[in-house]
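One chain, chain A, appears in both complexes that follow, with chain B as partner in the first and chain C in the second.
Right after this comes the complex of A and B.
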């Protein structure tokens, strides 16, 4: 009984506050946010799905962002100011993400880490454009996150720290040509999967640019299990490498059939190959294959190993790729916040946000998943991690 | 050989090079032709391998239709169950040969149980009720599997049964699985033909499919014969299931649905109800699929298969070898 009284009281207060905020925000949003972020803290929002289908991604990503902010604050914050983060659950839904974003704005945040999956991230990106809110996602790979698909205009306030899908196709073509010395390549792709088509297009374009000869491009549809016809065609062309941009379930079907038709080309793949050793019956069939990934726990560099042990200490489990790229997103954002702080701007103001956005765009530094700079579409230009399957294990090959 | 000729051409006189260069040309033409020939042979084998699995499954459709006029759409899902049983028993450490036998037995038992529980009570009701029941059983099996094993595809331990490897026969690379699949299927079909044509059981099956009432009057146990037909059909499905899983080493709850539909098309193409028709239809669909892929139209594979179904139904509903239907008065 008592509890419900308190609850209803709290609800009415929240409603009033919301109404008041609604009244004031039009007239003086800058001053209200100034009040919200007191002099010695900088407020940053984190958006992630903590419940629902995408929860496992959201938890991994938000844990990493929290870890970075906690570490930063422990080390003295930004110019002595503490970064105060507010984490809101958006349940993996676009509508909830927009509500959560508006809630964060009312609480006076000056930048956002997130969102995690593509659809909510795009929704928040659209919503945040008018406020020019700096926003950086660690995980949303679709090109529409940073570029409006209707107008082709770049969403200037939105960045990401993961690479977009087609980028992997380019990387693998360059890797095959420059590192493996391949002269001829074949592609077998899934016409029913945007991811696969995107990687294929980028691979073929880059290969043509480099002079890597594409001897065969074969396709299949999403429900197919028989690829022998295509693989037999490919095998008569004896390519040096075979690029298969698909997820691990398909890899587990393609590899044995390739072996049966006597195809000896080296397999190349995208990050969808992660998990193929577990999915395939005989890992010897994909022995020697290369694929690219955003992160590898086997990377021996100090930054990666420190991150691994810190994350493990904080959460008692190993971080995944989502954690690593979101950790970098938080780090890149905080480095940009420092630029704005150094310039003596006030957190929450429009000039401050503009300075942060400019600073993210000018990023040029080493982070956990590699060296970052940004291109004109606010996508990172960074090294991919090449993983090779050796002795039935995922093995870190190189940063490329 | 080409290099030797060319050397001669280079160092020799004009006369020599004039008479040698057509030889080189011919040689390269021969080599190119040989590559095409080998490609065609390889693709034919791919088609036969796929086709023999379709044929095994199509036989089950055709036999059941022939005897009780039922399109048993649960037939494809029996294959899925066979795949899971083989996977689980091998994972449990059972000897692979024994596991294969167990999987095939499980298919047979399941089909007989389905027949007794779901189809027998409806034998005198309209055909459409039976058809809807079959679709219901199909969904039941798929969803049960999804609940028990999850929706994701799981690796099938094919290398415990047939190790993935290939042989080079006269320059043509042939997978061991392909050879085993084609040989096992052909043997199964020969044995089936023998069973149907030469044994008393087979005679009873033919009699029941000809006229159920008359067969009963002649003292044939119709119920037993129908059950036997289901058992034999699903025995073939079980064999097909193992061969399918060895070629495409993955099991998933929905793996049987597309395979079942395509086998159904094969059965219709051959003439539903006809045993040799199902075999021919199966091989024809397999070869057609691989042909479509081989010419680079792989996106159209499923479209072509179902277009065949439509064309057959429009132009020759009884299929290639089906009996012309005569209305019973």
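Right after this comes the complex of A and C.
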């Protein structure tokens, strides 16, 4: 093969790849806001993927964090001190996240909001443990973010402001039993999806605890498209509710088949259901279904509506769940920073960080996505938003 | 030519070893003295890891003249092998780390044989496509194997977590040195000449009695072996592996380093790997907006280099310190000095 041929081939592939990457990279600009004047500022880092596959989440999340810090600074900052934030792009990659974290440390940040997706967050969590750097993520839902899966030890410096996956299962079981008055429940879950298995386990455990009878547990694999066998089995047991923890693509397949086999149980789901109305052929098939979510724009509470309009003013678009939870993460962090400031500690010192971590753990207050307290695993205990599908629309049902 | 003063071989080795030792000691002193902060150390380690990846890909691309696009796949194999081994291994510390590096290289090498034998029957574009497919297959297997087989091995999309972190400046430095040394001596040897001859003209090489299938596979396996080592270093550097880290773009990034540096030039790969690893961080320190367009900058850079220097920045030139010294002491007869490596490439 001619060398020139290899060259031209390599060149064309690389150029195409470069163009593709160029397309995905968003024009979002990150700014390290004001100039440093260390005595009057508290430096906080934000880590988020602003380019790459996860950029969509990262931009939504970092925008919300920036919005909070800007608002806080306008309102006078923390005890008169400005919060200076430094936003770094980690491209959705764990290696870049770790390097960016070290960069932030070098620039003297005293706490971090982020990261956004699970793997980079865990990588940074491992890296930050030795420095005891306070870290709060608004979006990483995997339980491994705050708890080491091998040893079961809690990563004491890492917090989150979103649900962990199994939490939703517990919430839905309690909701079915207490609010819907269900006596019997069935579960249909996806064995090929961590998310689905996690929700199923939590649902079943909570149901047993409450005395909600589980009459059938059926499963399918990730590639299945026919569920009539499982649904027929469930149908013969006539449960009051059917818990179906999967993403909207599967929901759109399951619901029509459930109606075909004559299943009348009320559908329950997790936040993966968001999007199922658009995915399903006929929204009437999932009419009356309930699922839980971390955030609903239909929530009429003042905090949510203020956040919606502020975000819209700042960025010209509606915030999503990632924005809302990250906004809360920034808020919780700043409240904790205030505690450390009140104690008269110097930002950046070990005592300061320890004080911030302790303060986050003691959080007890109202934020946009609900009332927050923290459990022993650094996961928030807060209300879930229950959304019901009514007349082919997602409708805010209640906070539960 | 006969009047030229030659530096004898043992002295050449001594000079190089002394230089490496100085670099190693200097690096350690700078780190322990706090002159290189943890941020720059992280970048330095990544530079080393990418040097190994680029130099190893250079064997298949530069010396053998093929275009494999699945280099990240071999890195993934090596990384996961090392990660799983380190987590399961009762040994800890340096012995376990060394074992994991060797094991990672061997397993990646085995994958190199498995993929190499069928793939190397193809040429050019077809080889590129089949290796690209291989890289993706590895990634998808790592992503799904846990769910399909129903046990905890790779951690699926969540990633393989809790890999002990052993990768340090010293280990990366030594691995880079060993990789460059082995590949350099291989290419200088009879086997290396055979590999080069395949690049120049496969039919002619075959008609001269060179077992082209054997040498192609050998080059491919060496390439895979060191890619596996770099993957293992990466695994133990980061402590967490996700299949997404070893996608198609990673293969491309490494290929860019090789092509930009000059296909068939080891110093080219080293320089390009160093520069291209540092540049994103440099851009980020200037402005995030500039950093967002790094892939576009890469492409433009490549196009410019290809137009003005189609053989890459270094062409096939390879730096040799002792040759340089030799040239300096024989200044009047400069014309005989360096170009030892580029022989046989006359384009």
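Heads up, the rule we're going with is that the second predicted complex is superposed on the first by the 363 of 400 C-alpha atoms of A that agree within 3 Å, B and C clash if a C-alpha of one lies under 4 Å from a C-alpha of the other, contacts with A are read in each partner's own complex, and residues count from 1 in each chain.
Following the convention adopted for this analysis, a contact is a pair of C-beta atoms (placed from the backbone, for glycine too) under 8 Å apart; a residue touches a chain by one contact, two chains touch by 3 or more.
Model, not experiment: these values are computed from the prediction.
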Chain B versus chain C as contact partner of A:343, first or second or both or neither:
neither
Check the residue A:249 against both partner chains and state whether it touches chain B (first), chain C (second), both, or neither.
first
Which partner, chain B or chain C, is in contact with more residues of chain A?
C
Which superposed partner A:390 touches (first chain B, second chain C, both, neither)
neither
Once the structures are superposed on A, label A:153 by its partner contacts, choosing first (chain B), second (chain C), both or neither.
neither
Once the structures are superposed on A, label A:282 by its partner contacts, choosing first (chain B), second (chain C), both or neither.
first
Once chain A of both complexes is superposed, is A:228 in touch with chain B (first), chain C (second), both, or neither?
first
For A:105 in the superposed arrangement: first (chain B), second (chain C), both or neither?
second
With the two structures laid over each other on chain A, which partner does A:318 touch: chain B (first), chain C (second), both, or neither?
neither
Chain A positions touched by chain B in one structure and by chain C in the second
191
Quick check: in the complex, which residue numbers of chain A touch chain B?
191, 218-221, 223-226, 228-230, 232-233, 235-236, 249, 252-253, 256-257, 259-262, 278-282, 285
Using the touch definition up top, name the residues of chain A that touch chain C in the complex.
1, 3-7, 9-11, 13-15, 17-19, 21-22, 25-31, 50-51, 53, 87-89, 92-95, 98-99, 102-103, 105-106, 118-119, 122-123, 126-127, 142, 144, 148-151, 191-194, 222
Complex contacts: residues of chain B adjacent to chain A:
35, 38-39, 42-43, 46, 49-50, 152-153, 155-159, 164-166, 168, 173, 175-178, 247-250, 255, 258, 289-294, 296, 298-299, 301-302
Any idea which chain C residues touch chain A in the complex?
37-39, 41-43, 46, 61, 65-67, 69, 87, 123-125, 128, 147-148, 156-159, 161-162, 165, 199, 202, 234, 237-242, 244-245, 248-249, 252, 255-256, 259, 263, 281, 284, 288-289, 291-293, 295-296, 298-299, 302-303, 306, 310-311, 347
